[in-house]
Amino acid sequence: MQELTKHSSMKAGLPPGTMIHVGEKRTETVRISLIKYNREQVELLEDVSPDECRLEADFNGMAWINITGIHDLKIVETLGNIFDIHPLVLEDIVHAGQRPKVEDHDRHLFIVLKMLMYERDQEQVLAEQVSLIVGKNYVLSFQETSADVFDPVRKRIFDGKGRKMRNSGSDYLAYSLMDSIVDQYFTILEYYGEKVEALQEEVLASPTPATLGTIQGAKRDMIFLRRSVWPFREALATMERGGSSLITQEVLLYIRDVYDHTIQVIDGIEAFRDMLAGTLDIYLSSVSNKMNEVMKVLTIIATIFIPLTFIAGIYGMNFEAMPELKWWWGYPAVMLVMLGLGLAMLIMFKRKHWL
Amino acid sequence: MQELTKHSSMKAGLPPGTMIHVGEKRTETVRISLIKYNREQVELLEDVSPDECRLEADFNGMAWINITGIHDLKIVETLGNIFDIHPLVLEDIVHAGQRPKVEDHDRHLFIVLKMLMYERDQEQVLAEQVSLIVGKNYVLSFQETSADVFDPVRKRIFDGKGRKMRNSGSDYLAYSLMDSIVDQYFTILEYYGEKVEALQEEVLASPTPATLGTIQGAKRDMIFLRRSVWPFREALATMERGGSSLITQEVLLYIRDVYDHTIQVIDGIEAFRDMLAGTLDIYLSSVSNKMNEVMKVLTIIATIFIPLTFIAGIYGMNFEAMPELKWWWGYPAVMLVMLGLGLAMLIMFKRKHWL
Amino acid sequence: MQELTKHSSMKAGLPPGTMIHVGEKRTETVRISLIKYNREQVELLEDVSPDECRLEADFNGMAWINITGIHDLKIVETLGNIFDIHPLVLEDIVHAGQRPKVEDHDRHLFIVLKMLMYERDQEQVLAEQVSLIVGKNYVLSFQETSADVFDPVRKRIFDGKGRKMRNSGSDYLAYSLMDSIVDQYFTILEYYGEKVEALQEEVLASPTPATLGTIQGAKRDMIFLRRSVWPFREALATMERGGSSLITQEVLLYIRDVYDHTIQVIDGIEAFRDMLAGTLDIYLSSVSNKMNEVMKVLTIIATIFIPLTFIAGIYGMNFEAMPELKWWWGYPAVMLVMLGLGLAMLIMFKRKHWL
Amino acid sequence: MQELTKHSSMKAGLPPGTMIHVGEKRTETVRISLIKYNREQVELLEDVSPDECRLEADFNGMAWINITGIHDLKIVETLGNIFDIHPLVLEDIVHAGQRPKVEDHDRHLFIVLKMLMYERDQEQVLAEQVSLIVGKNYVLSFQETSADVFDPVRKRIFDGKGRKMRNSGSDYLAYSLMDSIVDQYFTILEYYGEKVEALQEEVLASPTPATLGTIQGAKRDMIFLRRSVWPFREALATMERGGSSLITQEVLLYIRDVYDHTIQVIDGIEAFRDMLAGTLDIYLSSVSNKMNEVMKVLTIIATIFIPLTFIAGIYGMNFEAMPELKWWWGYPAVMLVMLGLGLAMLIMFKRKHWL
Amino acid sequence: MQELTKHSSMKAGLPPGTMIHVGEKRTETVRISLIKYNREQVELLEDVSPDECRLEADFNGMAWINITGIHDLKIVETLGNIFDIHPLVLEDIVHAGQRPKVEDHDRHLFIVLKMLMYERDQEQVLAEQVSLIVGKNYVLSFQETSADVFDPVRKRIFDGKGRKMRNSGSDYLAYSLMDSIVDQYFTILEYYGEKVEALQEEVLASPTPATLGTIQGAKRDMIFLRRSVWPFREALATMERGGSSLITQEVLLYIRDVYDHTIQVIDGIEAFRDMLAGTLDIYLSSVSNKMNEVMKVLTIIATIFIPLTFIAGIYGMNFEAMPELKWWWGYPAVMLVMLGLGLAMLIMFKRKHWL
C-alpha cells in the first residue's frame, strides 16, 4: 500500500502515457530472455536486445519474452513499438502498484497481477508486479526483479517435448504463468496459517502488548493480500465469461481452474481474518482477565488486613480507662478474634470462588 | 481450512492436470464397489478393478460406481480414461480441500461437496470431500474413507423394486446422494445447537477463561461449516436454473428441495453465529460484572475501616496533653462514635444498592 | 430455530417425499372444516373426512378446506392424492420449520408462511407453520393447532353477501388469509415495541445483569422474526412480478399491498434491532459508570484518610526525644493540620468534579 | 417508528380497503382548498366541499386540491369516488406511517412521502405523511395538519404569470411539491449538523452520562430520517427510469434533480451516523480516561503513604528493647527517611508520566 | 460535509433552476480565460467577458473556457444562454457541495467533480467543486478559486504542437482535466499516508487523549474523501460503458485509465480506514494497558505493606500481658518476620510476572 501512495504522486500533471518508473529503485541492468519453441524444438536466447525480440512475419512457433526489470524505460518503449502496445499500457507496466486487471486490446491481452514470494530466510513476503502481454503467438512478461516463480514453466517448455505445453499457443503459456503465480499464493497462505496458529498459542500462553502489534500487523497483511488477489479474481471472472478471441475454448477450462484457486485463496484469507479477529478478542479478554486477577489479590489482602489493623489500632489507643488492657487473657483473646475474622474472610472468598 | 492451506502448496509449479493426492495419508487399499440396477434387477459387485467398471456399449441400466479412497492415483486415472474425464477434474477429485462446486462438462456433470459426519463417540465432526461424476447412465462417487452416509440410498436401490429410485436415471441417483449428505448437515446443526445452548448456560452460571476459548472455537466451526455449505448452495442455484441436459425437469424439482435445505442449513448457521456473538457479549459483560463485584467489596471494606482506623490512630498518639485519654468515658465514647460511623457507612451503601 | 435443528435430523436417510411429522407432538385429532361458497350461498361442513373434500367436477363455487393439525400423515396423504399434490410438497406441509416460500406448481400454488400470535396471558409469542395450496377454485390451508387468526376471514365469507370476498376467486381468498397473518405481525411488533421501551427505561433506571439477558433475548427474538418475515417478503416479490396464471391482475394489487406491509414489518424489526443495540451500549456504559462511581468513593475516602492516618501514626511513635509530644498545644495543632489537609483534599475533589 | 407499530395493529382482521385513520387524533375540521389555474388566470377556492372538487369534463386548466387533515374518512372516500381512486390507495392515504413509495395506477400516480419540518421554537422535528394523487390535469395532496412547506409553490402559482409553473402540467406541479419537501430535508440536516457539532464539543469538554443518551437519541433520529428518505429515493429512481405516461420527458429532468437531492440528503445522514459513532467512541474513551485519572490519584496517594505509615507503625511498637527509640536523633532520622522515601516515590511517578 | 448541510437550506422554497451561489463567500472578481487552439496555433485571451466566449458558427478549432469564481450569477447565466445550458445544470454549477456526477445532455456532457489540493504550508487539504461542460468543440470549466491543478494541461496545449493534445477534440481535453484532478488525489493520499504512519508511531510511543481526537479526525477525513471519489468512480463507470456520442472510442480508453486510478484511490482510502481502525484498537488497548500497570503498582505496594502494618499494629497494642514485648530478641524477630513476609510477596509477584 505504501508503494501505491508513495510514488504515484510523482505522476501528477504529466501527460497520459508518460512512462515513469514507480517501484523500488534498482541498479541492476534490465535483462531480456527470449524462448522460442514449437512442437519440435526449443531455443533459448539470453540477454537479447529489445530489437532482437521482433518476430519474423513468418514465425510460426511460440515466443516467450521475459523482461527482468522495468526501470529502463527505453527498453520498455522499444518493445512497446515492436509489439504495438498502447502508451497507457506501457505506463502501467513500468508503474508498479497497479491493481491486478485484465484488459482486452484486440491485438493482445494485457494482464497485470501480483507475484508474491515467501522468503524463508528473512521470514518475509515479497510482492512484485508482473505484467503480461499475450499476443497471437507471443507472450511478453515484465517482472521487477530476477527472482521469480516461473522455473517450473521453463522446465516444462524445455523438457516437455510432445506434451501439452509445447503443442499449445500463447493462451496456454499465459495460463501457465498465471497458474504458477497463483499456486505460490498457497505457500503464502501456509506461511500465514502457521503465523496465525503461533499467535493463537501466544495469546493464550503469554500475551504481551507486543502481541497486539503482531496481530494488527497480520491483519494488515491480510488486507494487502486481499487487495492483491480480489481484483485478479474479478479479472479472471471477466476473462472466463469469454469474449477474447485470443483464448481458446479449451484454455478457458484452465482459466476457470485458476479462477477456482483464487476463490480458494480468498476463502483462506477471509478465514484468517476471522481467526485474527477472534485472536484479538481473546487477547483483549486475557488482558482484562489479568486485571481481574490483580484486583482480586489486592481486594483479598486489603479486605483481610484492613479490619484486623483497625482492631489492633483500637488496642493501641492510649485511654487510661481500658479495662481489657489489664486482663491477662486480653491479648490472646484479641489474637484469637483476629484469627477468626481472617479465617472467616478466607472462607467467604472461597465461597465467591476468588481463591 | 488447515487442509486448504497445508497441502495445496505442494502443487506449486506442477503442470495443470497433475494429480497429487492431498488429504490425510491413508494406508488402506482403495476399494471400488459397482452397483448395476434397472427396473427389474440389481447387481452388486464389490472390490472390482477399475477396468471392470467399463460399461458395455449396450448397457441400458444404471451403474453406480463408488470409489472409497482417493490416494491411489493409478486407479483414479484409469477411471478417468474409461469415463473420459478431463485431467483438471481428476486433479480436483484427488485433491481434498476443494470448494464445493458443480461443473457442466457436457458428457457429465462434476459435483464436489463436503460430507460432514458427527461421531458421537469422540464428540467430533468429520469432514470429507465427495466428488460425483454424473453421466448419462452412470454415477461415479469418490469418497476419502469408508465411512459414509449413503447406506439409506443403497438400501433403497436394493429394496425399492418398482419404486422411484429404480425407475429413475443418474440424475435422481445423484440427487439422492446429495440429499443424504445435506440431510446429515442437520445432524451437525443439532450437535452445535446443543453445544451453543450448553455454552449459554455455562456463560451465565460459571464463566471461566476457558469458556471464551470454546466460544471462539464454535465460532470458527461455524465459519468452516458456512464455507462448506454456502458455495454448494450457489452451485445448486446454478443447477436449478437448469441448462444441463443430464437433469430432467422432474428431478429439478428435487434439486430445488435440496437447495431449500441448504438455505435452511445456512439460516441455522447464521442463527448460531448470532447466538455465539450474543454469548460472547454476555461472557465479556459477566467478566466485567465480576470485576465490579470485587471492586465493591474492596470499596466497602476500605471505606468503612480506613476512617475508623484513623480515629483509633488519633487516640494512639502519645501527646501528653490529650485530656480525652484521661476521662473514664473517653474509651466507650470513641467506640460508640466508631460504631455509629460504621453503621452510617453501611446505610449509605445500602442506599446506593451496593449491598 | 430450535424447531429447525431439533427435528430435521430425524429425516436423514429417508427417501425424498417421505412424510415425517416434525413439530410439537400433538394428541388432538386432526379436524377438517370445509366452507363452500359462491355469490349466492355459503355452506359450512365441520369435521369432514378427507374424502368428503373431493370437489365434484362441475363444482363452480369456491371451496376453502382448513386442516387443523398436521400430525396425521394419512389424512394429509389422502388430501394429497385428491388434489394431486407433489410428494415433496406434502413432505414440506407436515414438516414444521420450513422457510417461508411460494412455489408455482402449475395446477396450484404452494405457499408456506409463519403465523405468529401474541398471547397476552402468558406474555408469549407463538409461532406456527401455515401451508396454503391455492388451486383454481379451492384453497387448502394447513395449520398446526386450532388457534388461528382467520376468524375475520370466516366472518367476511359468511356475512359478506354481495361483497368482494364472495365474488372473488381462490386468489383473493389466499390473499385474505395471508393478509390476516401479516396484519398479526404488527401486533407482535407492538408487543416488542413496548418491551424495547421498557428495557430502555430499565437500563437507565436500574440496570442489573438480568437486564443484559433480556436484551440478548429480545435481540434473538428479532433475529427469529426477521427469519420468519424476510423470506416471505422475497416470495411475495416473486409472486408480484407475476407469472402465475392463478392470480388475476386485480389481486396482484392486493398482493403488492401485503408486500408493502411485510416491508414495513421488516423496517420495524430493523429499527428495534438498532434500538436494542443502542440499549446494549447504554447498559454497558452504565455498568462502567457505576464502576467509576465505586472507584471514586474508594479513592476519595482513601485519599483523605490515608495521609491523616500517617500523621497520627507519626505521633504514635514511641521515640523518647519527640519534643512536640510534650507541648500542650501539640495535640490541637496536629488536629488542626489534619482538618486542614482533609478540607484541602475535599476542595481538590470538588474542583475535579468528583463530588 | 412508534406510529408504525402503535396503530397498525388496529387494522388486524379488517377487510382490505377498509379505511381506518391512523395518526394522531385531530379535532380540527378537515379543510379543502382548490386552486385552478392556467396560462391566463388563477382561481382560489377555500373550504370547498369534496363534491365541488369534481372537475367539469371540459376543464382544460390545472387543478390543485389540497386536503388538510386525513381523519375525516367520509371526505376522503367521496374524493376517492370522484377521482376513481382504488380502495387500497385510500386506505394508505388515511393510514399515516406508510413507507414512502410511488405507485403507477394508469389513471394517476400515487405518491407517498414524509414531510419533515423543523420547529425552531420547540427545537423539534415534526414528521407528517403527505400523499399525492397526480392525474392528467389535477393533483390531490393530502396532509395531516395545516402546517406545510407548500407556500412557495402557492406563491409561484399566483405570481408566476407567464412563467414555467403556469405553463406546465400536473407533473410539474407534483415535482414542485416534492421538491419543496425535499428542500426542507436540508434544513433538518442543518439542525442535526449543529446538534452533532455541539455533541462533539460537549463530549470533549464535559461528558456526562446524559451525553450518552443524547448521542443515542441522535443516532435513533438518523435511523428514522434514513427510513423516511431512503425508500423515497428508490421510488424516485423507479420514476426516473420512466414508464409513466403522466410524466413528460422534460419533467423527468427535474425528477432526476430531486433524486440527486435525496442522494445528497442520504449522504449527509450517513456522514452524521459516522460522526455520531465517532462521538460515541470518544465518549466511551473519555469515560475510561477519567477512570484512569481517578485510579492514578488513588495509587499515588496510597503508594506514597502506605509504606510511610508502616514505618511509623514500626516505631509505634511497644517492645522494651528498641534501642532506636532512646537515641535522641532517632526521631529526626526516621522523619528524614520517610521524607526521602516520599520524594523517591514522587520522582518515580514523574518518570512514569503519572504526574 | 459542512458545506453540504450549511448552505443548501437557503434554497428551500425557491423555484427549480433558481441559481443561488452556495460556497464560501468570495469578493474577488470572476475571471474568464479563453484558450482557442488547433493543430497549428494557440490563442490565449485573459479576462474576457462572457459574450466574447460565443464561438463563431464556423469556428473549427477547440475552445477551453475557464471560469474562476462561481459567485457572479450574471456571468454564469450569460454563459448558460450562449451555450444553451439547462437551468438545473446552471443551478448545480453555482451550488458548491454537489455530489460528483456525469450527466448526458445530448448537446453536451455535464461533469461535476471535487478538486482536492494539499497545501503544504498550512498542512491542510482544500476541496473545491469543478464543473465541466463538454460540448462538440468546447469545454467550459467552472472552478471556485484561482488555485487549480490545470497548469500542466495548459502547458501541454501551448507547448505541445503536433502532439496528441493539439490534435484531439473536447473529449480529450475533458479527460486531461479530470486526469489532472484525479492525479492530485494521490498527493492527498500520500499526505494521509504519512499522517497515518505518524499516528501509528505516536500511539505506540506516547498516546494521549488528544491522539484519539486526531484518529477520529483522520477517519472523518477518509469518509469525506470517500464521498468525493466514490460517486465520481460510479459516474466514470457509466461514462466508460459508453453511449455518449461526444466521446470517441479512443478517448474511452483514457477514461478507463482515469477510472482505474479512482479505484486505486478508493483502495487506498479503504486501506487507510482499516489502518485507522487498527490504530484506534491499539490506542484503546494501550490505554487499558496503562491502567493495568497503575493497578499493578498499587496492588504490589498495598499487598506488601498492609500485612506488615498489621503486624506492627499488633505490637503497638497496649496490653499489659504481652510477653513478647519484654523479650530482648522480640523486636529483631518481628523485624525479620516482616522482612521475610515482604520478600515472600516479592517472589510471588515475580512468579506472576507482575514485576
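The letters A, B, C, D and E name the chains in turn, as written, and every chain counts its residues from 1.
Operating definition for what follows: a residue touches a chain if its C-beta (ideal position, glycine included) is under 8 Å from a C-beta of that chain, and two chains touch if they have at least 3 such contacts.
Quick caveat, the model's predicted, so the values are computed rather than measured.
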| item | value |
| --- | --- |
| For subunit C and subunit E, chains touching each | D |
| Mutual neighbours - chains that touch subunit A and subunit C alike | B |
| Between subunit E and subunit D, distance of the C-alpha-averaged centres to the nearest whole Å | 26 |
| Where subunit B and subunit E are represented by their mean Cα positions, the distance between them in whole Å | 43 |
| Multi-chain contact sites of subunit A, meaning residues that touch two or more partners | 288, 291, 295, 298, 302, 306, 309, 313, 316-318, 322 |
| Arrangement of touching chains [line / ring / star / complete / other] | ring |
| Touching residues (chain side subunit D, partner subunit C) in the complex | 1-2, 4-6, 8-9, 11-17, 86, 88, 97-99, 101, 103, 206, 209, 212-213, 216, 219-220, 223-224, 227, 280, 284, 287-288, 290-291, 293-295, 297-298, 301-302, 305-306, 308-309, 312-313, 315-318, 322, 324-331, 334-335 |
| In the complex, subunit B residues that touch subunit C | 149, 151-152, 156, 160, 163-165, 175-176, 179-180, 183-184, 186-187, 189-190, 192-193, 204, 253-254, 256-257, 260, 263-264, 267-268, 271, 274-275, 278, 281-282, 285-286, 288-289, 291-292, 295-296, 298-299, 302-303, 306-307, 309-310, 313-314, 316-322, 352-354 |
